[in-house]
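What follows are several structures.
Each of the two complexes below includes chain A, the first together with chain B, the second together with chain C.
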Partner chain A sequence: MDKKVQGEFVIGVFDDEEKLVKAGTLVKRDNFHIQDFFTPFPVHGLDELLDIKRSRLPFVTFVAGGMGLILALAFQVWTSAVDWPINVGGKPMLSIPAFIPITFELMVLCGALTTVAAFLFRAKLFPGQIPVTIDRRQLDDQFLIVIPSGEKNAELEKLLRDNGAVKVEKQMAGGRNE
Partner chain B sequence: MSGKEHTSFLRRPLITKERTYGEITNDVLNSIEGGPTNTWYILFAIAVLTLIVGLVVVGYQLRTGIGVWGLNKTIGWSWDITNFVFWVGIGHAGTFISAILLLFRQKWRTSINRAAEAMTLIAVCCAGIYPVIHMGRPWLAHWVFPYPNTRAIWLNFRSPLLWDVFAISTYLTVSAVFWYIGLIPDFGTLRDRAVTPLRKKIYGMLSFGWDGSHRTWHRYEILCLILAGLAAPLVVSVHTIVSMDFATSVIPGWHTTIFPPYFVIGAVFSGFAMVSSLLIITRKAMKFEHFITVAHIEAMCKVIILTGMLVGFAYATEFFIAWYGGNEYERYTFINRATGPYAWAYWTMVSCNVIWPQLLWIKAIRTNLTLVFIITVIVNIGMWFERFVIITTSLHRDFLPSSWAMYSPTWVEICTFIGSFGLFFTLFLLFIRFLPAIAVSEVKSVYKFARNKDHN
Partner chain C sequence: MKNLNDSSYEINPTLKQYLLITLGVCALITAVSYFHAPVRFWVNILINNFYFVSLALSGLFFLALQNITNSSWMRTYQRIPQAMTAFLPWGLGLMLLGFLGHHTLYEWTHTAEVLKDPVLIKKTAYLNVTFFLIRLVVYFALWITASRLINVLMNSWPSSPKQQEAHSGKLARVSAITMVVFALSFALFSYDSLMSVEPHWFSTIYSVYTFSGLFVSGIAFITLSLLVLRLFGHLDGIVTRDHFHDLGKWMFGMSTFWAYIWFCQYMLIWYSNIPEETEYYILRDHDNWTWLFWSNFVICFAVPFFILLKRESKRNYIALAGVSIVLLVGHWVDLYTLVAPKIYEHYKILAVIGPYEILSAFLFASGYVLIFLKKLQTRKLIVDSDPYLEEGSHLHQ
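Take a look at the complex of A and B:
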């Protein structure tokens, strides 16, 4: 399922996230396509540069939570009132208010676990996955911008250097296909 | 990260020492990459020995039966359930810090959320032991889950004790998943720094191939917000449901509608006290003073004052309603709590939970970590007594005076409780030894808070 992006890439390495955002904005302004950024922590202001659409994870949560709610309530009603009704202290067989706590818990459980599973699936994260390691310090203190190599490489490299890149290099690895 | 740094005049930086991102990584991760210190070995040995005491005693009571406890016909719940509620309560601070403070955008949580949530998971595990032992036949513990069985009956979904099973197992699962999701980026950092192939392999597996791609970070941040949104009501629901174990009964002293909020606030109170006690020691031992600063402890002290006063308010309300409600049994139960044979426990609870924490109003006291440590330990003693008072004193004078009884724990119950502390500290020490006790990626993201830099 995992296809790495093929080709050569220009990698700009920065030591500060503000410089990365600034350089990224200029790169985007000059009509270069940015493949991805690699950062040690989430840097805000990069979504627009990659044209990322807002994630649909909340929708997954809503549907899974709703399923959990319906299943939990239906199961309690079925077992307590339909399949094997037992009189407990004269309470009604169909005691909906008493079923609410478990319904709530299972709604949250289903919502949370499904959302996490959807995240891991969509982000292609699983035990044994090979990471895209371009720089050994990309999760430490280096901030990377990855741009596909092209005819205007010289111009691009100058732009990155002028805007504070500590290192500009060419590599074959460049991230995963979306 | 070159250039001169300025700090704001209005706000204090969250990380007090001037650091580069690389230094932050080193500060947190060096401690787990190097070998443990002698102090760690000594503490670990003590914790494991205590745990062994607990295991032996649990084995003894499983073999003999729970008749070895000090319970009697009148007092059917006491020390065991007290300890269960005590530990579950402590388990409320971690997810409160990581979920509710995330939703409130409280940036200071980033230094403490990892350790606090580890403490939560461990405390919930400690709590889980007690109901299982209390079943008497723990090898049938799986009967609490609904599965088609040869006994041909389903569970009683109207029972609060069953709600508890679902509430606590859901809380444990969701908190554990949330915690692990937070750990993934740090495992990635550990993997990229690893020098031995074995370490690279282990952290590689644990990191799920995390590489810090912005496309993943974008989804990751949304995932964290969703999980926080789901975990926040969960924090409130767990102790609400624990309180319903009591509130839905007809025992005077238990049968009150104030219980859910009263229990939840008490749980946050005791949880924050436990987090403060633990972190005051951890920051010193791990040299995390510039991450977990006095300001962090101070912020937690403020939560302790607030929740402590709310707990005091709940005590007063309970008493007022017991009088105003006009029910003679209810009224007697409360007069008995304050003046009867367990009055010493009641007044220990009131002084530990309501009076001593008031000292934290004074800035000189809440910035003196030795005093804060002592006060937070006092709070936890008080909160233990709160559960003991609620459970035991409500039961010990039954409706018929001929059934009145007293309770005192046997050595078995005391050793089980000590053993649960052994489990708690064993797991906590393993945590700070093998996992990053501070969320490295999150701390880096708030480093620049209240700092500015010249870019030359």
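Take a look at the complex of A and C:
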């Protein structure tokens, strides 16, 4: 959960990912807002339940790749045709085919490195970052659903328990940093 | 999974009629071209033979590749690449038939000229009619055996898990051997039938180039036929939008791979600037070949690249169908620019894509589709006993 998230949350703990997806579907059907899921491994179907918007990362890659392409091409044209023209094998100074391999490589390099950096930055994955852990077993064998607590808590807890939650508890935002 | 029992395919009689009519009309026009323009006739036959044999081989290659990696998503539509290989025996017959025009197509079959030529005389150990025909038959024998073997293995699974594991291993082993055999034989096949059209010129990357064309047009054909099957309600709930997304990625990646290889060959020849190598590109960048040569690069690379770059278009059926058709047409034009320039230069014919070219392509295409559909209806579209089928139908991005 994000640092900015405030308030109390209901947490349903499951021991099976299929039960989690089923319970999540029912919770969403009953118009509860699902804050987040915590699972030890990626589970299909959770993204749809969370209404996560499409990542803008591909756009970052595209722009960075384009920048790399222009940069590489401009630099090569400048060095070998403008600033210090060198005659190689009698070819024209401005020989685009000869510049293509380096242009391609720099495009890939800029695109890839920028994408990784942008991802780490947006996901706040850097040294010293304290990960949010609600329950230690979310890293092992248990699957958590996190829903903001509200007036219909009793109904929500019953729904979770009826659908296979092994434990339902309340916790304040921020989690226990164990 | 839905519709497990409702998954057999039958050729629509009207469709079959249309295909047969197309076949008949195009055969007639192509026969006329034999008398009216024999050089164009033989060139068209060679291009179409190579194109459709490549398409059949792409099915074999695709199956072998997916079996080695033990992938399950392909199990949902495995009958399509399987049916694509059904053309191979016909391909052998047509290649042999097309070889009747060898005096028009291949300079190295003219003994008198070869004897006078210091370069060609040294190549006679490899480039002679007998050895050429022996090689041709051997390639096809290998391909037909491999495709039969893989198809049989893929369509008959044992029932106990232990046997299934052994079966899966056997499939992977056969596929791995097929892959090696395919790589060598297809390389030689493209040197033999296409590159020897210009016997003085050679390029070692040539077979990689023809292979990249084979792969991308194969994926385009799989995508297009799968889209049509889904349009008519087949494989509902088994092949999903995610499968098409993955096929779209293949098309995107492989058309870029083709452009990469195209550029590799072009740049090395341009850079080293040796007369006996550059003649290949000088020929294609002159007269009225120029527009065809460069537009071919745009059609086969830039168009699919920019259309399929976005995720949304890889999941859009209309965009996928459009790109598949563009690629299938584009790679026919690609073969045309590979084969025709040298022969047409000799016979003083200019670049031409007229009714003879188009209708001869339609003749082969309708025949290929008929053979493909006939094979497709021989059994159900999915193999119920396949242990990977269930997993394959649950594909997620």
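Everything below uses one rule, namely that the second predicted complex is superposed on the first by the 169 of 178 C-alpha atoms of A that agree within 3 Å, B and C clash if a C-alpha of one lies under 4 Å from a C-alpha of the other, contacts with A are read in each partner's own complex, and residues count from 1 in each chain.
FYI, contacts are C-beta pairs under 8 Å (C-beta built on N, C-alpha and C of every residue); 3 or more make two chains touch, one makes a residue touch a chain.
In this text, all values refer to a predicted model and were calculated from it rather than measured experimentally.
Undergrad: Evaluate whether chain B and chain C can sit on chain A together after superposition, giving fit or clash.
TA: After superposition on chain A, chain B vs chain C: clash.
Undergrad: If we overlay the two complexes on their shared chain A, which of chain B and chain C does A:Pro58 touch? Say first, second, both or neither.
TA: Touch partners of A:Pro58: chain B and chain C.
Undergrad: For the three-chain arrangement built by superposition, which of chain B and chain C touches the greater number of chain A residues?
TA: Touching more residues of chain A than the other partner does is B.
Undergrad: Scan A:Glu157 for contacts with chain B and chain C and give back first, second, both or neither.
TA: neither
Undergrad: For A:Val108, using the defined touch cut-off, is the partner it touches chain B, chain C, both, or neither? Pick first, second, both or neither.
TA: After superposition on chain A, A:Val108 lies in contact with chain B alone.
Undergrad: Just chain B (first), just chain C (second), both, or neither: which does A:Ala98 touch?
TA: After superposition on chain A, A:Ala98 lies in contact with both partners, chain B and chain C.
Undergrad: So chain A touches chain B in one structure and chain C in the other; where do those two contact lists coincide?
TA: Common to the two interfaces on chain A: residues 54, 58, 91, 98, 101.
Undergrad: In the complex of these two chains, what residues of chain A are touching chain B?
TA: So the residues of chain A touching chain B come out as 15-16, 18-19, 36-43, 46-47, 50, 52, 54-55, 57-58, 61, 65, 75-76, 79-80, 83-84, 86, 88, 91, 95, 98-99, 101-102, 104-106, 108-109, 111-113, 115-116, 119-120, 122-133, 136-141, 164, 175-176, 178.
Undergrad: Quick check: in the complex, which residue numbers of chain A touch chain C?
TA: 44, 54, 58, 62, 89-91, 97-98, 100-101
Undergrad: Per the contact definition, I'd like the list of chain C residues that touch chain A in the complex.
TA: Of all residues in chain C, those touching chain A are 263, 266-267, 270-271, 273, 309, 311, 394, 396.
Undergrad: Please name which positions on chain B make contact with chain A in the complex.
TA: Contact set of chain B toward chain A: 1-2, 20-22, 25, 146, 152-160, 162-163, 166-167, 170, 173-174, 177-178, 181, 184-185, 188-189, 191-193, 204-223, 226-227, 230-231, 233-234, 237, 241, 244, 440-442, 444-445, 455.
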